[in-house]
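In what comes next, subunit A is part of two complexes: it sits with subunit B in the first one and with subunit C in the second one.
Showing the complex of A and B:
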């Protein structure tokens, strides 16, 4: 397998070059697969209200709340599927849940 | 007990980009359990939603070694890996310490994988087995399993003129595993994340097999409002339908005792799979479920020395 396909075995890799027994050599390479396009609604962080309890981080099924240094850091919109669980577990109403494409104040674009 | 702040500083083993449904309980439960591990892991999976969604070729959502074999033998597979590790370690070919964990859904654990799980527990491998109980074969289209609650509407126990949903009560797998006299068996709900974290930590620490049964709601199969998962998980133990308890070396311990009596219908009514039970002609099923929940709760209290 050549360098280009080190992280992900691309669809154009022929059968001669795929790994033996279909082994995936890069642990955790699903992070190169975006699931953000599934979203119809998106969570938006309201910094002023956030008490950094990290319950949103704990309950996110998609590892899409990124904690930085023990605090809320940002949403990972590349992978967030917009399930809204973080919105409901937030004890201080610090997460807005808006339609995809809509904008709101305090919006955090992530990347 | 690690605070969320401390937990969040550890590397997250499950990455984003897996293909579990939005709001799936599996992702939550798995992340909580894996956070409690101190050593590098080898993770096994029975066939099921988790395995299918996290390892779609050529991607893997696991930042660790991962092995999948078949539906019925996750416990046998992971115990084989553990036995090989022990041998290689003895020969000096592996230096580092590893822990071994297998995840299975209720189909792969209660039903299809029960014999291999029972065998692995009896042989005393140093493994952790986590059952993610979403109460049906969700991956293949919501067919009933032996974990499906009485009265639930599934595609193989469909509500109609002939039957009003599943006719049997669910199997009590946690108790069955505890009766294997393994060092550690527990039942948990991710809503009580402290409790689940502590249980996962104990499971990793004990020498020998450990089993944890974790409730993992399925928005598709249970038909509830996806963001409300925490309420569903909480009512499950508040109504005593899913008691939180652990069995350490044969000693039963109740981890949470609801302060007031909450009828099980509070939990049922949030879920579309039980909607038909609220029609007049089916109310008797709710009474039957309540009677069974109460009966099992009394048995549990007795086992835990609470009465």
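Showing the complex of A and C:
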């Protein structure tokens, strides 16, 4: 089992074995809760326009902009809730914001 | 060393808090509870307790601060009455659902409107389904004893639920009575040191409390909570046994008063039970087989034990110091009547709503109830299922 799929409380556990009051007994596990399904709109990276200022990385409230070697790397779509803050703060219009499910040819969606 | 003292109910409860010496007390005044936290604040000011005393701006904040302190790992308390409890509402549920062993004295007072500062049970009866254990006290002695036992009940690992300790506003809270209190050391030893297994200030083991749990986990958490309340019954009895060894005073889930051979009986809580016992004694002298059940523990509701204690009764009256506006009597009536359903003895059970907003209840009122019960016993019939005792027609 890799870390990504590890669950603090297994989804099939009975009431006797659920932690008391649903306490999460370990720290640093928010990443196990995939919030990408909440998204109705999706940020899409436009590589040509990106100046790698990383404002999106700084402002993302869900740590869903993944920087690599000091540059924009990709979006973490498993956790991005589609709030659009990155789109709003981008100074070079390098992030498109499209409806979830909309296909966009020629666009690099970061993954 | 036990000693006899004369104290009001509020003084007795404040004294119990001083002896328990909790880590945190959040305080907001409301009549008739105000004196409890006021007396306690003087213990803080005099250095007689080590408590962090938090003066907050509302009861919602009082319960929130208490929840925060308890989650952090402290033994935490607050106190309230009536509208104060109503303002705490949201957080009262959160305290129980997070399984925080808070102890809160509640001095029973009527809810508005009309504005009224006197006793009835409308405040805590409203909180009956909030997940708190509820202990009702007849007098100052019981309020003092219940407070000390409440700490042990709440913090027991099989329970971990908050406890409300009730006494009747003004009648008990401001009435001077003789009672026996224990020395500080005995109480300190009895309540012990609170050692939570999970708490937020445990920096070696960081945890999250009160997380989101939707359709996938909420139900399991609630099922656990129901089990904890079920477990509380045995724990309450175990703690009572231990407390008896220490104090000499006996507590159970309820008190059976001359019930063994009784044919007619009343079920009553809190201060009116004293008046009820007086009337029972009088009727016994007249040769009438009258008895009384004084309920101490309303949550968890000891339905099996109540049915067992009342199964031989022919006619029973439930005394409710609150309306439920259900057109089916007060909040005590329905569960008592339901508990007797499986007995299949055709016990006639009627309800008497009394004492709302502090309306006095005196022996002739309770004599009337027993007279009605005599008639119901003889005829097997009753006029009204729900009666209002002491209201002007």
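Keep in mind that, in the parts below, the second predicted complex is superposed on the first by the 81 of 111 C-alpha atoms of A that agree within 3 Å, B and C clash if a C-alpha of one lies under 4 Å from a C-alpha of the other, contacts with A are read in each partner's own complex, and residues count from 1 in each chain.
By our rule, a contact is a pair of C-beta atoms (placed from the backbone, for glycine too) under 8 Å apart; a residue touches a chain by one contact, two chains touch by 3 or more.
Bear in mind the structure is a predicted one, so any value in this text is a computation, not a measurement.
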Using the superposition on chain A described above, determine whether A:31 touches subunit B (first), subunit C (second), both, or neither. first
Looking at A:9 after the superposition, I want to know if it touches subunit B, subunit C, both of them or none. Which is it: first, second, both, neither? both
Which of subunit B and subunit C A:79 touches, first, second, both or neither: first
Residues of subunit A touched: more by subunit B or subunit C? B
Please indicate which partner A:22 is in contact with in the superposed arrangement: first for subunit B, second for subunit C, both, or neither. both
In the superposed view, which residues of subunit A touch subunit B and also subunit C? 9, 22, 24, 26-27
Touching subunit A in the complex: which residues of subunit C? 97-99, 160, 198, 205-211, 213, 216-221, 223-225, 227
Name, in rising order, each residue of subunit A that touches subunit C in their complex. 9, 11, 13-16, 18, 20-27
Of all residues in subunit B, those that touch subunit A in their complex: 4-9, 12-28, 31-32, 54-55, 57-66, 190, 193, 219, 226-231
Within their complex, subunit A touches subunit B through residues 8-10, 22, 24, 26-35, 38-39, 53-55, 57-64, 67, 69-71, 76, 78-85, 87-89, 97
